[in-house]
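Shared between the two complexes below is subunit A, which pairs with subunit B and subunit C, respectively.
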Partner chain A sequence: MSQRLAKEYRSHEKTLASDKSFSHVVDLSPVSDEDLRSWKATIEGPPKTPYEGFEFQLELKIPQRYPLDPPQVSFLPRSTPHCNVDYDTGRICLDILEKDSWSPAWDLLHVTHAIWLLLANPVPDSPLDVDLACILRANDTSAYNGLVRYYLKDESRD
Partner chain B sequence: MGTSPVCPICLEEMNSGIGQLTHCGHEYHIDCLRKWHNASGSLNCPICRVESYILKDMDHNLTINLKKSFNLHLLITSVLSDLHFLDVSSLASSSDPGYGYTECDICGRGTRNGFQRFIRRQTGTEVSRETADGSRRLYCRACWDRVDDNGSPWGRRNREYQVQHSDQDFAAVDAGISRNGRVLENSANSRVRNAAVVKEPSEIEETWKLLDRLQHEQSRAKILEEKQKIQMHVRKTLDRYYKDSRFDITRSQYTDINKSVSRQLYELSLYAYKPGFVDYDLRAETLISEALRKERIT
Partner chain C sequence: MKLEYEQVHCVFSWAWDIGNVEDHGVTSSNGVVGGGGEADEVGAIGALGGNGRPSEADDDVCGICRASYNGTCPACKFPGDECPLVVGECNHNFHVHCIQQWLTTATARGLCPMCRQRFALKRGVRINAPHATRFEQLAQERDDDYMEE
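So, the complex of A and B:
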């Protein structure tokens, strides 16, 4: 199955270079060509969200049994304020990354795209950041966006 | 790059070993699908994520219900559909005593009717042999393998294959067939029961193992049949020499020559019986006289 990662590498490279619908994925490639089990990705913040104008880094760890097991994906620590992301560790709560919902027919580009969608569509019902989730549950969107931008600006100043 | 479709799981081309989930029509390498089912403990299709448990093995044209480990009725139906020459329904209901209750001559285990016997022979769990006095005897495959010394064409030493023998073989066949020999329909009851247990990975594994075994045994039965056909030609020619008193061929020489010539012919015709491609009688004649010369019989 390790052939699969090499095939994905070639195919994603081609897709990202030619397919405009994935223009929000700035980069998706192995950290080094020596080891296809460790990938990195860069995505743009979705437009019309507080994340717009920022870029986000992802780390993708590919388990031995991939694609039977899902990849482990996280944001860089302390980079992404989001109600489904643990701010301190970057851990992501997304059902398709869990073993029960994963499908081997998905690939790393699907996963990256799904995380981009998650940025724009926070799910307060399964939060990793309880404060942000509470604000969202109270339907106070402007407070949510304000708090997100506050954190983001804080990060970019460092 | 070829034009074959690509397996969604390993992303390799699918040239052989393809399985189709008949609920949704999605195709995968059977090996990849098996790994996914075993890894996930579910029978969901990776693409549409709907439970899809009727699998069609495209290479062997076999259909298997992955939910019913030991109810073989779909498989049996498909095996039977390949056997155009035999009218199964008439066989099953036949009152011919030949198709009545029979038992293995070695272990005494019973086979209720001709239909079941027929299935067992197809799946390689039963052997039927004619004895010297012309009557027909039945044996479990495992008993036969244990006792038989010269029953198989190349003898026992070269047997590359062993059949697992257990009560499950019998339970499996019995489960798929009702008393009158008709294939049992999928009752609502059993569907509920199967839905409840299908999450058990071991159950799914068992089904896969079963499919493997049936494929293996099917191809083995075919090989055996082709070898036997080739051997018929050899025997025919060799018998002529054997009966001719000018050639003083001993019993063991007969066996050896028969064996080696048959094997040569089998290799010559690329491991299949191809009467249009090889003139077996002519070749057998040449090879036999060569062998006889070597043995200094002529």
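So, the complex of A and C:
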């Protein structure tokens, strides 16, 4: 299925260069042109969220059976404080990345966009970061935002 | 100026006749657009871009492999009868090899990748006919699996 990945490469390059509605996706490309099974992405933190002003890196691993199986996507370790992200490993909990909800009609740009939306819309009911989820469940948005900012700034200092 | 022909290449163009429900508002019961004989092909090609050549627009590619409907799925070398298309009840089209491969995965749950409705072949479409039995069998196997659960 690497023909499809080559097509995606060309099509995403074109979309990112011309379509302003994807301006939050700074980069989406294979790590090297030699191997289309390993991609990287950079997304901007969504506006009006504590992530605004920061950029986030994603690693996308494409399985042999893609697009029948979903890509495996994670943030860089210790980069993203979010209740659906394991901070230490960068693992992401998002339904469309699971086999049961994945559809081969989606592509790597859809997935990257979905993760950007997840940043702005945390789902505390399926948490990977229990502490952040608890704060959200208590409806303490300002504490959540404050804690996220604290982690982000701490991260950008070193 | 004098021109000399060195070689002559015969070129032809073809396209799957899958109708075009959105654009034309009509699709005849046997899936043929246009009249009989050669006019069929002209009608079908006209529906795919008007310049006698299938366009590479987004909706002209298989949603699973992203290759043109008139090309092949990634497993095949020759387009046409060796790598045919099927039309779903939901009007989504795929290379038969692509959609079969998807429907045999457990996680597909028999759903169309595009619209998540149960995928079944559209009735009365000529290009679907050779695959009807296989798809009924797939649906049957899936129902059996559900019964066991």
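The rule is short, and it goes like this: the second predicted complex is superposed on the first by the 158 of 158 C-alpha atoms of A that agree within 3 Å, B and C clash if a C-alpha of one lies under 4 Å from a C-alpha of the other, contacts with A are read in each partner's own complex, and residues count from 1 in each chain.
One rule holds for everything that comes next: a contact is a pair of C-beta atoms (placed from the backbone, for glycine too) under 8 Å apart; a residue touches a chain by one contact, two chains touch by 3 or more.
Keep in mind that what you see is a predicted model, and the values were worked out from it rather than measured.
Of the two partner chains placed by the overlay, neither subunit B nor subunit C lies in contact with A:A138.
Look at A:L68: by the touch rule set out above, it reaches both subunit B and subunit C. Of the two partner chains, neither subunit B nor subunit C is touched by A:V31.
Under the contact criterion defined above, the residues of subunit A that touch both subunit B in one complex and subunit C in the other are 1, 3-4, 7-8, 11, 67-69, 99, 102-105. Taken in their complex, subunit B has these residues touching subunit A: 8-12, 32, 35-36, 39-40, 44, 46-47, 49. Those residues of subunit C whose C-beta lies close enough to touch subunit A in the complex are 63-67, 74, 98, 101-102, 105, 107, 111, 113-114, 116. On the subunit A side of its complex with subunit B, the touching residues are 1, 3-4, 7-8, 11, 65, 67-69, 99, 102-105. Interface of subunit A with subunit C (complex): residues 1, 3-4, 7-8, 11, 67-69, 99-100, 102-105, 107.
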